[in-house]
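In the two complexes that follow, subunit A is the common piece, with subunit B as its partner first and subunit C second.
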Partner chain A sequence: MDMQVAKKKLGLKEKYQVMTRGLDWEPSYQKKEDIYPYASYEGIKIHDWDKWEDPFRLTMDAYWKYQAEKERKLYAIIDAYAQNNGHLSVTDARYINTVKLFLTGVSPLEYMAHRGFAHAGRAFPGAGPRVACLMQSLDEIRHAQTQIHALSNYNKHYNGLHDFRHMHDRVWYLSVPKSFFDDAVTAGPFEFLVSIGFSFEYVLTNLLFVPFVSGAAYNGDMGTMTFGFSAQSDEARHMTLGLEVIKFILEQDPDNLPIVQRWIDKWTWRGYRVLTLVAMMMDYMLPKRTMSWKEAWEVYFEENGGALFKDLARYGIKMPKCAETIALEKDHLSHQAWATFYNYGAAAAFHTWVPEKEEMDWLSAKYPESFDKYYRPRLEYWREQAAKGNRFYNKTLPMLCQTCQIPMLFTEPGDPTKICYREVDYKGSKYHFCSDHCKEIFEHEPEKYVQSWLPVHQIYQGNCFPEGTDPTVEGFDPLAAVLQYYHLEFGRDNLDFEGSEDQKNFDAWRGQATKNV
Partner chain B sequence: MAIAAIGKYEFAPADALDKFHGAQLLYIGWEDHLLFCAPFAFPFPPTMPFRAIVEQVLPGSFGYHPDFARIDWAKAEWFKSGKPWQPDFDKSLADNGLKHKDVIRFRTPGLTGIAGSCS
Partner chain C sequence: MSTVFIALQTNEDTRPIIEAITADNPHARINEAPAMVKIDAEGKLTVRRSSIEERIGRDFDLQELHINLISLSGNIDETDDELTLSWNA
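Moving on, here comes the complex of A and B:
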């Protein structure tokens, strides 16, 4: 009698084949171009979708298994951190302002990335990239959820974290990360993948998830460190997807090269401008510092990114032109950014301050060419005035860049004493830019950016007051009305750290935790 | 149409003159004074005399700086879109040729910010 032999289990490669390509089909009663209307209009030519190889061959069943394991660990640590009053073990309450900025500025981007990858995945006629995009879309919504959970511990105790979703669509500085992602998700699916999958994930997010998250650990924030490292293990897969996409597109047709190069140039610059927030978080907002923004840029962009672009040279891809401008800005970026938030500290959902003397000495050592000459005198003047009860709050609204939407705070490449002004006349109207790169991005697609929702202009048009506000009544206070529209409570969520409720509560609670009073 | 799109792609600019309730935007920067992190944006009626900007608006916006009280306006150098330009203080913004979203800057020779740092 013949023995029944159990059928051999499928190998990883076969299983992936069956669970992805095997589920695809050729349409018979609809035209393929009607099902995939976004597949060709960007000019990208794909001749053989089956050439796409998913580098991780991840299937849904494996995804649940790995991620559930990671989530259990993550939430165990977050729970332990919450139950142990971990918020009192951070270096000092100034640190919590980085968490506020992260939750309001970055976490909504994870959610938008989820939507973007879901949309891009639906748009591709090939089964391989569709599945890879689906997996990344799931990762991104998990990242949004875990970040909100990790950071919500702080919301129980500190101000400014109460309404991040509402703020994301309204608050002036949050228009910078918001416009970045709105620009990406309203592009075609190929541009979206190059913008987020490659330029942002591969080239730039290391700067957020490695040195900044290490900074969280250095400052005693185990919750943030844990979600950061949990996300970073997915980022490795995202980065590989981003790189594979570029290689796949470039190998399909030589006509794709100039389109991809332009996208890389554009999105490296747009992503870098968003990272302005990270530069000041590292240099000014972490009470215990790990490395300077400049050092992080040198390691994660100039060295790592440089090696990547050398690798891509065989496809004809060149280092983005903006890298030269960025090299000139790295000595100045964090100082100029922090000065801007110090200026507008009455309209931010977090606190600002002048660094302590030893912090200035640290900055001076890290930035010997620029800090003492250009930035220390300004900060010391502000400190002297604040001590006299004359803390500087800039009450006039700034001019913004039409593309990146950041106030025109950046200086001429090579001259940190002169604001960089660029302008374009388009269809009888003037548009202004902070740099040659933002100007070029506008000039390539002006129709897209003439619609920019610039917070300052919207305020002046009367669109940023609570419903029913009458700005013509006597004694109308526009700033108060704008802060109400933001859901930002004056005197609690904003103004200087010195004297804030956060500062007082943290000191009192830490006192209770460490002393018998 | 420069933009790649699946169909017609035409939208009105979000910052057209008719959306500012009779005002036009003017951007003003003070050279060598980066204590103010960026140039300012103002909504002004086009009939407003230029003098009113200098005498009534700028003190509220730039007056915090110790250099502001030392400005000799007769010596101030003006620039429009980066090129030398001379405003007539007694004429209106419109008669000075200032249009919606124009950018002007002024330089105050001898005044170079906190401890000469251009702050």
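Moving on, here comes the complex of A and C:
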């Protein structure tokens, strides 16, 4: 009798073939264009879907296995962190304000990414990208869940984290990340993949999930470090999806190039504008800093993104035009953003502060061209004024950019003393923009961007007060009513860190942690 | 020439992986940051299954890299034996 020889397991390439193409089928009683109605209207021409291949060749069985292992590791650390009162091991309670921004600003985007990839995956006639989009869709909902779980540990102890989902749809600065994803998921499937899979994931997420998350670890926040790195290891796969999709689309038909280039130009700029929040998190909000925003930009965009665009040059893809503007802004972005939040610290769901002297010295060393000349004097003036009891809170509302929805806080490229302002007349109305790039994006799709829900406009129109509010009563305080509409508690969730409940509690609890009281 | 990189969490699982990468890619530069290691290499970087197996004394599936991977850049070519990152320009 012959020996039973175990059948050789399939190699990576054969398994991938069987678990993607092998699961696909040709429709017999419905037309393909009826099943995939969104595959053609953007003008992208695909001749052979089978040419798309996942270089990681990840299949569902391997996906479950490795994701389960990652989840076990992640929750082991989150549990240990919670059991050990890990929130008291962070450098300083100021740090927790970055977590507040993360939970309110970023986590809901993960959920939208989940929805977007589920939709895009359904829309593609090819089995390869469909499977990759399905896995990415699952990753994104996992990210939303793990972020909410990890950050909910802070919600038990600190203010401002109690109602992130409610705030995401209402609070003025959260309309910036929200509008970014709403814009992407309301585009066609190819634009969605270029916007999120390529421009955001490949070109920009490293800036959030690598140096910032390394900074979270440096500040003792093991929970954020773990979900951040665990999420970013999925991003490594997402980046390959983004890059492979770009290469695939460009190889399929030369007519695709101008469409893709326009999307890359648009989404690199839109994503960069959203990262304004990350710039100030890195430079101003981490008590212990790992690298400056400018350094991170140089490593992850100029070096890494530069290599990417050089590689794509063989298809005719050019570095987005906005890179020149961004290079001029990198010395200014975080300072201008933080100054704006300091101004509007009465209407934010986190605390603000003026950096300590040694923090300003760090900023001077990292920004020798700009910090001492433009920003230190202003911060020192604000510190003096606050010491005299004249802490300045801005009570008028800023003009917002119609495209990125950020207050017009940015300066002219090359002139940091002059606010950058552009406008467009469209169908009898005037629209305002923070930059040439946001203006161009609007001009290409005005019917989309005229619909933007701009928080400042909505407040002035009376649409941001709690139900039943009567703004005509004597002594009506519009700011107080808007904060109630946000579910933001005045004096607890906002204003200066100095003197806040968070600061007092953290000091008291940390004192107790080292004594028998 | 352009630089590719791979970033891994710093832990006991990745120590032998990082050793294997440095042995197989003498041109690679190791950058340590809090909780992570970023490995940069001009042009090309190869992660070899056999070199990792030599160090950990058991079979290793290259897809296990996903567990501790943080990020990477470059075009990817993965087989059962090697994962290569490279730029074409």
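To be clear about the criterion, the second predicted complex is superposed on the first by the 506 of 517 C-alpha atoms of A that agree within 3 Å, B and C clash if a C-alpha of one lies under 4 Å from a C-alpha of the other, contacts with A are read in each partner's own complex, and residues count from 1 in each chain.
As a convention for this text, a residue touches a chain if its C-beta (ideal position, glycine included) is under 8 Å from a C-beta of that chain, and two chains touch if they have at least 3 such contacts.
Since we're looking at a predicted model, the values are computed, not measured.
Superposition of the two structures on subunit A shows subunit C fitting alongside subunit B with no clash.
Rounded to the nearest 10, the angle at the Cα centre of subunit A between subunit B and subunit C in the chain-A superposition is 150°. In the superposition on chain A, A:F56 contacts subunit C only, with no contact to subunit B. With both structures placed on the common chain, the touch criterion links A:S89 to neither subunit B nor subunit C.
When the two complexes are superposed, the chain touching more residues of subunit A, out of subunit B and subunit C, is B.
Distance between subunit B and subunit C in the overlay is 31 Å (nearest C-alpha pair, rounded to whole angstrom).
Those residues of subunit A that touch subunit C in the shared complex are 11-13, 55-58, 62, 66, 69-70, 73, 206, 209-211, 213-215, 217-218, 225, 229, 232-233, 235-237, 239-240, 243, 290-291, 303-304, 306-308, 310-311, 313-314.
Contact residues of subunit A toward subunit B in the complex are 37-38, 41-43, 188, 336, 339-340, 343-344, 373-375, 377-378, 381, 392, 394-400, 407-409, 411, 416-419, 421, 423, 427, 429-432, 444-448, 450-454, 456-458, 460-462. Of all residues in subunit B, those touching subunit A in their complex are 1-6, 9-16, 19-21, 23, 25, 27, 29, 31-32, 34-43, 60-61, 64, 81-82, 99-103, 105, 113-115, 117-119.
In the complex of the two chains, the subunit C residues touching subunit A come out as 2-5, 7, 9, 33-36, 38, 63-64, 66-80, 87-89.
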